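Both complexes shown next keep chain A, but they swap its partner, so chain B is in the first and chain C is in the second.
Now for the complex of A and B:
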């Protein structure tokens, strides 16, 4: 992946106290608070990589469109009248106004018209109409050398990967499969979840006052799960999901997974002891239907958290399937957009199971809501001492595939690749 | 509907929001029937006909579990809620059921003392009488503020 831009652009960057090159077991807190770093990330981390933009199932029909962001750049994903998918920057080629103002919709005639001066574009982003092009009554109008072809919207390269639409500003980047590392655990787990046509069940959005990378760390950190998220422990529901591991593919992305196998008694006891500072036991659920589920994959894996660099999480937690899109909104803010989905062929019972399990996962998720809080706890505390560094040493200093979840290896892997992209 | 009945409905809604605002959450499930529906739905899903709700309980037991989790399991910034509710519109009556709609705004205050508009929307309630008292058989909270700040743990 070639993410380098003009080196002169970094001259104004603060010289953060990073550990030596290749060492990723700590990071200077300034990386979460520095505006110049944030701006450079847009150029080096977001724009040159594949970023999730939409589910194909969100724009199933000709003329459908969805507004979203690639990094913090507003983009629109469209399906043209022939059914082809496109994306473009949502900024009029004329004077820069936002062209598409809806979150989602259908333009049956395939035309996107800027309201400011009514420049009209097709679903591909090509300019197809300009009012008063020849002027009015012989007065005004555009010069003779005005070429419609030169005034289209800025186009974003797109690829439909098994129903997930990705976009990039990088024309030289390998395809999504190659970006995911080719054949390997990452692409395997993506295709395992995206194994047949999807059905959108709804969205939730969460706005968190922290740098986006604090959340990226969180999604690559299985260590915190039984310590921060105490729902299962409190209700005496020992998590089979403690039996699992991490896989890093080609080290750009990560998979956390866990199977339905039972923990042995001593592991349960150790878990309880380690979490006992914060959790109280002895409660039982009044209504167990919350946890009713159905086995839907032959492998018995009940938890998969795929964290795709830089901004996508694809998850299966029991029967909750979702993509989480991480949208940076400034150095200390990000929006997390959750899109929950099932499969086209789900029966009514499965619909009901998935609908109820949303209680567990999301902005009000009984086993996940704490993540937003944890991110803010970090951001609020690191406002000064930018060269002070975190400690990311659970399970060692390096990163590799591991057959357990008591590790921060995937977090170290993230920082290693981040530094490569950023040239830090 | 008689004036007295309308007063009884608005009393129910006022008592309901006071219960939450006064942090008397252990009493919150008692405002519902044993078999009930409580859904907190982002407006974008409601408008698109999509089913996802951030909270979805279909029994009083599930409501109780939410509160036990809030008190003992979940971790979040300590906060207060303050609900302001509009006048209630009765939009239907059939048999023993009353359908009512009420706009609400929830202000949230963290311990730093700053108050923010946290969640604005409307209640769509289906109300029935149980043992002489009005109870929610169904309560839909359809919220315009569909970008939730940080997290949602306290019911709306």
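Now for the complex of A and C:
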């Protein structure tokens, strides 16, 4: 009797019907709908791990800052007057008001002043000024034992990993390279994309009304891409039969990659027969330059989706380079922030190629629009039956590196690590 | 804004006839989008030379050109019709939009070319019948007016910095 049919094999941790420990080929839908699970994730999944916060290129100058979130906690990333990067929780140590109200900007004097009672902090988050500290005319003021050093902002540990700034509340966590699984395919592909200084090309942002993990699953599932995203199929940008594969870093992060190379005719035919929705052959665009692009990397890889849990996707699709930041906003909503970038040394033609190809991705993207919808389709349908479970069995029950794209292995590996972190 | 600048860009700075033609263009444009008529949307653009951009005010203010949609030639505006009508057909949940426009500025750029700014609010209604705001912002247009008005370029700049769900149709 397998785990699916033997009720005694179902472990209830804490009260969801998970498959037995070590088996992650299905998950109970309650994990996407329970408020208690969401709250616990902030403590066990987001705060103790490395979370993407910013591109270094977004705060290039002394005094620059950017407001963002670590999980759902508001944080500010700053560059101090010496050029060092810091981050702190955007909550005044006095009465809890938001200190920095702008999305980004520059504080040339390096001072961040809370508007409520004007407590002032430096870029490191240390308290440097308090009005009426000694009162007025001998009246009021803070007690003699008031120590400025004890009232700084809550600091976030940061690391600049090849131009990506990560933050964590965990002082004991290994460095980012170690978090990515050390030397291996994940860190290799990160460094492949982040191989030289970056240039920000712009942002888009969207709210998706689904649990953040439904999107995490989406970014770890290479086989939906040729079925859901018909643009891919229509123009041959991505086919499940393509040369490619999946690699798992430390069984929590994953990289999906595909090359432009041609598969053989019979595989191509088989792929086509498996897709029930029709797509048209011989399609052309009035402006084919959208897909022309330029070869950037010697390896011929045209698609890389790095899913760095819990909060980041780094991607190369043709000549589009982007980071997608996953910001949970509640049990049934997340914000997806797309930051498009190129390289500092890109020429004008390369800038133009990238700008044009941004049409492929983002909230209106020709090959990503459907993901927002798919996530909502799941969230809308799973309500109430919290112990009903999904089926995540494409390419087996386990997870490993695989030299093909017809797999849900990275999704299983995500859930395996998630359950360890959550103690589920 | 100085009195001089304001009077130069007031709607009354151009002739009633030009204003009427531009008003017809704007009405045709939103009537097409609100009936999911992509070919009607395409007909609002100058077929000789035109562009359409949809981006956030955040990017616009930073001088960054990318955004939600980047159609820098008439051919790609044609292609966007094909994406929505043919390639995406059947994959996305259709939604009903209603565009509400308010012209604010207009001025002649010489010959038959005019620049115009028009505020917009776009509501959307999903399959469940729930209506929400999709976006609020401003069109920054260049319009050719010669018996009939056509868009030379339209830049839809969204104040709405985080859009709901996903975007299929142009704004």
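As a convention for this text, the second predicted complex is superposed on the first by the 395 of 424 C-alpha atoms of A that agree within 3 Å, B and C clash if a C-alpha of one lies under 4 Å from a C-alpha of the other, contacts with A are read in each partner's own complex, and residues count from 1 in each chain.
By definition in this document, a contact is a pair of C-beta atoms (placed from the backbone, for glycine too) under 8 Å apart; a residue touches a chain by one contact, two chains touch by 3 or more.
Since this is a predicted model, take the numbers as computed values, not measurements.
**Q** After lining both complexes up on chain A, report clash or fit for chain B versus chain C.
**A** clash
**Q** Give one of first, second, both or neither to describe whether A:244 is in contact with chain B, with chain C, with both, or with none.
**A** After superposition on chain A, A:244 lies in contact with neither partner.
**Q** So, does A:287 touch the first partner chain B, the second partner chain C, both, or neither?
**A** The answer is both, since A:287 touches chain B and chain C.
**Q** If you stack the two complexes on chain A, which partner ends up touching A:409: first (chain B), second (chain C), both, or neither?
**A** After superposing on A, A:409 lies clear of both chain B and chain C.
**Q** According to the stated criteria, A:201 is in contact with first (chain B), second (chain C), both, or neither; which is it?
**A** both
**Q** Classify the contacts of A:376 with the two partner chains as first (chain B alone), second (chain C alone), both, or neither.
**A** both
**Q** Common interface residues of chain A with chain B and chain C?
**A** Looking at chain A, the two contact sets intersect at 103, 200-209, 228, 230-231, 234, 279-280, 283, 285-287, 290, 335, 340, 355-356, 358-359, 362-364, 366, 369-370, 372-373, 376.
**Q** Considering the complex alone, what residue numbers of chain A touch chain B?
**A** Residues in contact with chain B: 103-104, 200-209, 228, 230-231, 233-235, 278-280, 283, 285-287, 289-290, 335, 340, 351, 355-356, 358-359, 362-364, 366, 369-370, 372-374, 376.
**Q** Flag every residue of chain A that touches chain C in the complex, lowest number first.
**A** 103, 200-209, 228, 230-231, 234, 277, 279-280, 283, 285-287, 290, 335, 340, 354-356, 358-359, 362-364, 366, 369-373, 376
**Q** Using the touch definition from the top, list the residues of chain C that touch chain A in their complex.
**A** Touch residues, chain C against chain A: 54-56, 58-59, 62, 64-73, 75-76, 78-79, 82-83, 86-88, 90-93, 161-168.
**Q** What residues on chain B touch chain A, complex-wise?
**A** On the chain B side, the touching residues are 40, 42, 44-45, 48, 50-62, 64-66, 68-69, 72-77, 146-153.
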